[in-house]
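Down below are the structures I want you to see.
Each of the two complexes below includes chain A, the first together with chain B, the second together with chain C.
Right, the complex of A and B next:
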C-alpha cells in the first residue's frame, strides 16, 4: 500500500497511545506466548504436552469450565428477566434497577467477596433464613462449597449479562409484540419467534462477557472456596505467587488466554451475524 | 391479556426485584458489619458502634496504602485521559484503514484475563530492568485506565460535529481557543465519567497489581485481601463502607453529568 504518502499529521495523534500499549502490554503478551513454547532455550511444546498429560490438570480445566458454565447459566436465568424489566420500567423503578447494577459495579471485587464470606457462613444470613423457612433442618455452611462460589460469582458478574441484553432491548419497538399478537400469534410463538430473536445479540454478548470473566476470576474463588479447589486462574496465580513455578504458570496462563480470546472473538462473530439479521 | 402473559409478567418483575436485592446484598452486609460491635461479623449485630472506624482512623499502615492507591489511580487516570483523548481525535480525524482494529486493541485490556496480563507485564518489566514498585504499578495501571477513556471519549467524539470548530475560527477565534471553547465543553461529560470509572477501576484492581506490589508498597485491594485472609476484623468492613460511599458519590456525579441511562452503556 502507499499509505505513507498520504499520512496526515492528525492520524499521528494515535501514536502515543498505541505505542505505549504496544510496548508495555502488547509486547509482554507476545513474549509470554513465545516463552511458553520454549523449554531450556530451545523451541518445544513440551510444557503443553506435560500439562495435558496430567490428569490433575484435566480436573482443573473441568473445574474451571463447570463453574464458568454454571455461573453463566444462572446469570442468564436471572439477568434476562431483569433486563426485560429494566427496558420496560419507568421512573423510580428504572432508577432503582440501574442503581442496583451500576453501584455494585463500581465497588471492588474484594469488598463483595469479603461480604459474601460473611453471608455464606454457617451462622450467616442465608443459612439462618433457610432454617427459618424450614428448607434446612439445621444451619449449614455454603462458604467453601461450589454452590457458594457460584452464588458469589453470579453476584459479581450478572451486571455484565443484564447490560448488553438491556442495550439491545431498549432499541426494540414494543409494538412488534403487539403486532404479532394482533396477527394471531399465541404467547409461546411470540416468545420464540419475536422476543427471543430480538434479545439474541445481547444474550450472545452477555454470555461471552460472563463466561470469559468467570473462567479467569481469581479473587472470588480465593475467598469463597479456598485452596483445595483449583481453577486455571487460581493455579496460574498460585504457581507464580506461591509455588515459584513460572514454567507451569506461563503454560496455564496461555491456556487461559487462548480460552478467553476464543470466547470473545467467537461471540463477536456470532453477535454480528444475529445483529445483521434484525 | 391472557393468563400465560400475566404469569410471565409477574415472573419477570419478581425475578428483577429479587436480582436487585441480590445485587445490593454484599453492600448492605459490608455497611451493617462495619457499624456492628461484633468482632466476628455477627449479623444482626448485637449492638451498634463506631469502634471499627476508630480503629481505621488509628491505622497508619492502612492510610499509607490508601495514599499509594489514590496516587496511582489519580496519575494513571490523568495519563490515560491525555493519551486516550489524543488517540480518539486521531482515530476520528485521521485517515485509517484499520480504525476498528486499533480501537479493539486499545480497549482489549478490558477483555483479557487480568491475571494473564499481569504475569506477562511482570516478566517483561523484570527482563527490561524495571524493578521500582511504584513506577511499575503506575506503568501497569495506565493499561487498566486507558480502555475506559478510549471507549467513552471515542464514542462521544464520534457524535461531535467538527465543522463547529471551523465555524468558531471563522468567527475570529484562534485554533487553540476554538478547541478550548467548543470541543472541550462538549466532551466534558465524557471526560468526567470515563475519568471516574477509570479511577475506580485502578483503585479496585487486584489481578494486575498483585504482581507488582511488595511488602512495603501495596495498593488497597492487595492489603484488604491480605487482611481478610490473615486477620479478618470489621475494620475491613469500615474500609469497604468508605469505598461504597466513594462509588455512590461517583454515581451521583455521573447521574448529574450524563444521566444513569447513559452510564449503563457498556
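Right, the complex of A and C next:
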C-alpha cells in the first residue's frame, strides 16, 4: 500500500455495508462515546474518574475479563483438537463433524441459555449424573455459578473457535509434517515448530472472535448467573434499563470497548511476533 | 557394475493399498555414492518404494537396511535420510535460512554451528544471496534449490528425490538436472531419484531401475537399459524404437526367426517355436539399404524434422510401430515412398510378448 491510487470501482461494492453500519452502529457508538465524555453539558472525564474510583466497578471489570478468558481458553482447548480432526477427516466423517458444529448455530442464544438453565439446575441431568457417578454426595446447583456460566457460554461460542482454525489447517500441506520428520524432527518438535506456527493465524482469529463475543455477552450471563454477578455488559444494560443512568451506561460501554479491542489487537500482535513471518 | 553388498539394501519390499498391490516384493541394492533412478509410469510403485525407504509408509513385508542398520521399523526422524519432495514442501512460516537450518535445529545443534552450515549449503546450490528471503517470494527453481539445500544440510546418508523437477519448465529442468548431479557429486551423497521422465533418468543416473506394475523389470546402467532392454516394457518405456508383434517360427542354436507383419526377422534369443514375441529395433540402428542381414520393406507415412536428424515413420499394423532415424530425408522420398530397411543381427531385440512365459 504505497500512497494513494485511483479509486477502484470494485471498492464501491462495500458502500452498502459501510453505509448501513455507519448509520445504525457507527453513529450510535459516537453518540455513546460523546455521552461518556460530557458531564452536565461540558466536556469532562469526571464519569471515568468516578467509575474507576469505585472498587465495585473494578470487581465488575475483573468478573468480565475472568469469565471471557475462561470461556476463550476452554473453547481453545476443546476447539483446536476438533479443528485438527475436522481438517484430517474425509468424506462422510468430515461432513458429519461439520454439520454437528454448524447446525447448533441455528438455535438462538436465548433458547440455548434457557436449555442450560434446565440442565444446570439442582435436579438437572448434570447434577444427577455426578451424584450417580459418586463425584458428588448430594445434588448441587450449577446454575447461577461461574462454572455454569462458562459451560453454557463455551457451548454457544465454540464453533467460532473451531471454524477459523479449521479453515487455516485445511490449507496446510500435509507434506510439511513429513518434510519436518525426514529432517529429523520428532513429534514434539514438529508440533511446536511446524504445526503450531502454521495454525496460529486461525487460532488468533478464533481467540479474537470468541473473546470479543464472550467479553460482551449479555443474554447468557443474565440467564445463567443472574443479577448478583455483574459484568461490564450486564452493568451497561442495567444502567440504561433499570437505573436510568445513561452516563454510567455509556462509561461502562466505553471501558468494555477499550478492553475488548486492546485484548484482541494485543494478542494478534503478540502471536505475530511469536509465530515469526506468516 | 558388480553386485557388492549394497549401502542401501531393500529386500522383498511389499505394499498393498486395499485390493491393489502397489509393490510386489521389490529388491534393490544401491552402492555408496551411487545415483539410482526409479523410472516408470505413474502407478508403477516408484514413489511408494521411495516413501518406504524414507519411513513415511510402513511396508507390509520386506526389509530396508541402510549402512548396515535395519531401519525397516525406524521412524523417519531417526533415519538420516534426506527427502526432496515433488512440491518442495518448504516451510512457509520460515525464511530460506530457517528452512535450511531446520534439520540441524531439530537435531539440537548450536546456533554457532547452524549458521555456517546453512551458509555453506546455500552457496552449494547458489542461493547464498537469498538467506533472509521468505520462501513464498522465490520462483519454482529457487524453491527447488532451497529444498535440495535443506535436505543436504542434515548431511544425510541417503538422499531421496521424488520427481523434484516435474513442476519446472523444460529449459530450467535440464539446467537443474546438471546442477543437481554436480552438487551430489561434490557432496558424495548416495541418491535415489524417482522420475517418469526417461530423458531425465538417462541423463542423470549411474543406474536405472525400470519399474512396472509394482516390480523392477530391469536394473542397469543407462546404456544397458537403452541398448539391451530386458523386457518389452523397458523397450517401450525408454527411448524410441520400431516395435513389431509376431510369432516365433523357428529356433535353433540360440537364433530364432520371428514372423511379423513386415516379414520374417532373425534374432539372437532362446524362445520356443510358436510363442508370441515382440521385435524391437532402435531407430538409429536401421539403415536405408538392403545390406541385411535383417531386411524389411515399409511405406513412409510421416517425416518428423528434429534439427540434426529426421525421424521417418513407416506404415505399420495395429499396435506396431516403424521408426527410422536418418541424417536427412532421402532424395526424392516423400509420403508413400517404399523404403527398404536393414540392420545387423545383434541389433534385433526380441522379447516374449507380455503375459507370455519365457
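By definition in this document, the second predicted complex is superposed on the first by the 241 of 278 C-alpha atoms of A that agree within 3 Å, B and C clash if a C-alpha of one lies under 4 Å from a C-alpha of the other, contacts with A are read in each partner's own complex, and residues count from 1 in each chain.
What we mean here is this: a contact is a pair of C-beta atoms (placed from the backbone, for glycine too) under 8 Å apart; a residue touches a chain by one contact, two chains touch by 3 or more.
Not measured: the values here are computed from a predicted model.
In the superposed pair of complexes, A:173 makes contact with chain C only, with no contact to chain B. Of the two partner chains placed by the overlay, only chain B lies in contact with A:81; chain C stays clear of it.
In the superposed model, A:130 makes contact with neither chain B nor chain C.
When both complexes are overlaid on chain A, the residue A:184 reaches chain C alone and has no touch with chain B. In the superposed model, A:35 makes contact with chain B only, not with chain C.
Touch criterion met: A:197 reaches chain C, while chain B stays clear of it. Contacts of A:70 after superposition on the shared chain: neither chain B nor chain C is touched. In the superposition on chain A, A:46 makes contact with neither chain B nor chain C. By the touch criterion stated above, chain A contacts chain C in their complex at residues 173, 175-176, 178-186, 189, 193-194, 197-198, 275-278. On the side of chain C, the complex with chain A involves touching residues 54-56, 75-83, 85, 87, 89-95, 98, 102-103, 105-107, 134, 150-151, 154. Residue ranges of chain A in contact with chain B, taken from their complex: 1, 3, 6-8, 10-18, 20-21, 24-29, 31-32, 35, 78-79, 81-82, 84-86, 89, 94-104, 106-119, 121, 123-125, 155, 158-160, 162-164, 166-167, 187-188, 191, 212, 215-216, 218-219, 222-223, 233, 236-237, 240-241, 246, 249-250, 253-254, 256-257, 260-261, 264.
Of all residues in chain B, those touching chain A in their complex are 2, 4-5, 8, 11-13, 15-16, 18-20, 22-27, 29-30, 33, 41-43, 83-84, 86-87, 89-91, 93-97, 102, 105-106, 109, 111-117, 119-125, 127, 139-140, 142-143, 146, 150, 197, 200, 203-204, 206-207, 210-211, 221, 224-225, 228-229, 232, 236-237, 240, 243-244, 247-248, 250-251, 254, 260-261, 263-266.
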